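What follows is a set of structures for review.
Each of the next two complexes has chain A plus one more chain, namely chain B in the first and chain C in the second.
So, the complex of A and B:
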């Protein structure tokens, strides 16, 4: 299958009629569409999606409502017609597909999808196909269910990482999509439908055998188990419906919560800032009380210089008196010694008799000392009195109160600056959340968390009920075999029917796991081939697949690489897509990639650009100059590029796509 | 081998091993029905009816 052209009219930013022609020569099968962010690269991808399937995807792959796809400026000019026309060739036929949306006559300004009337036309070699033939015909070449493997964007590439997380919801979802590409649902549906028909045939056989006495007991048992089986099936269906609803509700809430995530974050911050503000206000109040107390003692600071001068003077006097007291003590000691010499007439040091001359000298010295001692006196009393006065002065001389008040003022100032900053931030946050019901956001988060728990609970119930149902079915199988082995049953037509359906159901049933195993092996082999071509790390020996089709990188010693870079993740995702595409699509086909090189270095981009055009019928790359430099990065595949376009901005809601040269 | 050939191959192999009473041709036809309607998730009555008709025809032929 090959795309030939795409015409867009008033679709998203593409106002008026704009046409893109795809490269169709086998050796020049690459098309490059250059466009900066917000110009309309993803809208181009959506034009193909909407043309083929009537859907367009926004962020997180959510559907964009029809009325939002129409170009706003065209609407302002009263042009309410939007059309996508895709020409493509497949199996030797030329197809012309047109999907058109026109405002309904009674609607003035469309505000919802229903305000548009949508028509779909498909011509094969110029012959119009009827309405009910169109979708099956499209599904023959590019089924909607597998579109994620040929119409994809960078955001989708990251989803594949979830395949490595056992039991993740997203992983399960992608696994189902992968199995659809690979044809597993055909076998699963075959098992379900042959099982339904088998049940019906068994009922018929039981009814035919009901008159037989010999089968009475088994038929009774069969009826009993059948009632139980029906009840479990009902329960299971109800549980699955509830589970689906829970998941849908949760997905919706996730989206709503994400949309107002910034508001929620702002509210959280606001609450925290308000708590901080209250703490600071309390702290300032406390500091002010402390300050007031200090101020009440501030008068002491006025007396402080005089008190300090007096204390200084007293301290000097105290020191002087201390010296006098010490001096007096030493004179008293000397006088005491001299008196002893005079009394004993013997030298206390050498023990010799003191001469008369020395005796007179000592006597004279003692006389002088006694005169000195008589002249001094009263130092001790003065000393005590001064010490008492110093103590009194110390009591009224506090630490500098002014200094402490200044310290409190500094702290108060610091807190007040912080408070002003917080109050500004609080004001900003209040503006940010103005008009949003933050209580509602909190309520939604609470409901979402409850739904997560509810989902886990229902999943457990589904699993338990399934096991119970399996047990009942095994019992029913045993009884059915017993009944169909009765001589009277062997020849009955309904018995042959049961036997045939049993065989078909068994064959479908047993083939599912074996197909999955074979597919995994094949996808692993092909993804490894692609990975080896695209990776720059030659030490990696390949990829290993898990039950979810998640791929791990294996090193030269056959060990799993546990930590992968963002670039490696992207190369692995591209390898998986290539492996799936080559395993699942028998006709090759075009691949449209929106912003696929975001996380890749130059060498990886080079490898990918060389490799992918060899495995697809057409490779359409929607890129911006931040991820690729057209002149240098595309040089290795320059000869494979059959067509280059650029999307330019013509107005805020109007882009123009034009042919360009690299 | 492409995925759809692999699916048919898996079905026929399982048929030979577990359902020898069912001829290969019947399994091929059942598979064709399922492949044709594999993406019709909401309208399973058509393949169900086609499967039923196919087996009824087969049983009618074999029990005459």
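So, the complex of A and C:
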């Protein structure tokens, strides 16, 4: 089966009519579609999904409602028609598939999927097929169940990596999905059905044996266990329903929360910044109060230099007066001595009588000193007055607050700079969350957290109830066998049915185990084949599958490699998908990969690009320049690339896909 | 001659309005802090102020503004007040100082820390 062309009209970002032609030459079966994030690579993948199966997948592989697939700008222009047309060839026939959605006449602006009328047409070699023939015909070539293996995106790749974690919740779901694709559920349903019939037959046998005295006790016990078993089964079903609903609600909330994660982060940041801002405002306020307290005494500091200068002057004067006072004291002392000499006429030093000449000299000196003493006076008063003034001035100059005020100012300035920056950031964050109900986001996170706890609680209850139910079933089995071994039971009509259904149930159980084993072996073999081709580590001998379809890398000595790089995990996941794809489809059809090379190095990309085109009829790669450099990375398979497209942004909700060259 | 000092002290009407604004704009915790600082500023600048023009208003008792007579001492030490009571000089100095601070505040340059630093150079002049 090969894709020939895809035409899109008003589908997601592809406004108006846009067409992609696929490469069909056998040696050039690779198509590369380049496009940066948010341009429409996944929408292209969804165009194929919706065209073939009427579904489109969003984040976490959740279905996108029909009304959201229509291009918004086209709707604003009143164009409410959306169509995907896919041409493909299979088994020598040319097919033309068209899925169209048109707004219903009575609807003004579509707000739900039902507001659109969807039609599906399929022509084979120009002959229209009837409605009920279309889906089975599509599923013959590209089965919907397997579609996840050939229409897959990077997110799916991550999902598959979780298979490698034993016992992971997501791993269990993927295992179910894989078994669904590989046909195991048919056998599981068979076992369940035969189990139901066996239960019925045993009930009938019990009723036929009810008149027997010998079976009375066992029948009573059986009735009791049966009541219990029914009750536990009911409980289990209810618990499973609740668990499913809880998980669905949680997944929905996870998606919603993730969508507004950036808003939530911005709100958290805003709250933190506002707290910081309030702290800074308070700090500035405190510093201002401290500063104003210092300012109240600052006038003294302002006068300090002048007062000090004045005090210096006064101190000089004070020193001068002190000298004068000391000088006067010495004069007074000398005059006192001279007076004593004149009075006693005896020298106070040698005790001899003073001569007349000496007496006259002393008298003359005393006269001079008395004149000097009379000329001076008042120094003591001046000295006291200056000392008092100096004391008063000293009181004024005791404070020194200038340095402390400047220090407070510096601190305030620093905080104000910080405050301005914070206020700018707060403003930006406010703009970012404008129009979003942040309280609602917080509420959703709270509910999601409660659901996580609730989920864990229900899972424990499910496990406990399941164990109790199994114990009861074992008891019921023992009683049933005991009853059917009674001689009277052998003649009972229902006994034959019990034996038959027991046999069928056993056969189904064994078949399930055997089919699972075979499928796992097949997947392991094909995935190993793919892995050997894609890995760059030649010491690895292959892959080993576990019960969950998780794959481990094995070295030459058949030992499991415990630590694997992110790149190795991606190669293992790609190998698994290739193995599953080839196990689930008999004919290797086209494979579309969205962003498959995220964490791979050049050599791995090279190996993958060389290998995958050999196992598929067409390999369509949707890549962005962050994961692959078209000119250099695609060089090894340049001769296999039959077609290259680029998705360019034409407007916020409008992308254009065009042919380009590498 | 004994000079009678007033019990009340004030400022010119225009300066009074500006004094209130300096307080409202949180340059000073109390109006009297601004008043005292204004006197000191004028003294630091060696201003010989003229009489207050226009009407003058009593705003404080002397005991409130200068409880320990430090202002009195400072003015007396730095200015020859002659026959004029010291607190009348204080009013004139305050009037000049408030108007000067108000000018700086209007220009956004009223920085007490900076003024204190400037006063160190003023004393050398």
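Going forward, the second predicted complex is superposed on the first by the 373 of 662 C-alpha atoms of A that agree within 3 Å, B and C clash if a C-alpha of one lies under 4 Å from a C-alpha of the other, contacts with A are read in each partner's own complex, and residues count from 1 in each chain.
Criterion: a residue touches a chain if its C-beta (ideal position, glycine included) is under 8 Å from a C-beta of that chain, and two chains touch if they have at least 3 such contacts.
Keep in mind that this is a model prediction, so the values were computed, not measured.
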- [ ] State whether A:3 touches chain B only (first), chain C only (second), both chains, or neither.
- [x] neither
- [ ] For A:362, select first, second, both or neither according to whether it touches chain B, chain C, the two together, or no partner.
- [x] neither
Open item on the list: Taking the superposition on A as described, I'd like to know which of chain B and chain C A:527 touches: first, second, both or neither.
Closed with: neither
TODO: Classify the contacts of A:577 with the two partner chains as first (chain B alone), second (chain C alone), both, or neither.
DONE: neither
Task: In the superposition, chain B vs chain C on chain A residues touched - done: B
- [ ] Give one of first, second, both or neither to describe whether A:185 is in contact with chain B, with chain C, with both, or with none.
- [x] first
TODO: Determine, under the contact definition given at the top, whether A:305 touches first (chain B), second (chain C), both, or neither.
DONE: second
Task: Shared contact residues on chain A - chain B and chain C - done: none
Open item on the list: Can you tell me which positions in chain C touch chain A when the two form their complex?
Closed with: 26-30, 33, 36-37, 39-41, 43-44, 68-70, 73-74, 77-78, 111-117, 119-120, 122-124
Task: Of all residues in chain B, those that touch chain A in their complex - done: 1-4, 6-7, 10-11, 13-15, 17-22, 26-27, 30-31, 33-35, 37-39, 44, 47-48, 51-52, 55-56, 58-59, 62-63
Open item on the list: For a test of understanding, state which residues of chain A touch chain C in their complex under the given definition.
Closed with: 288-289, 292-293, 295-296, 298-310, 389, 392-393, 395-396, 401-402, 405-406, 408-409
Task: Parts of chain A lying in touch with chain B, wherever the complex brings them together - done: 139, 143-145, 180-187, 189-190, 192-194, 196-197, 493, 496-497, 499-504, 506-512, 514-515, 518-519, 522, 583-586
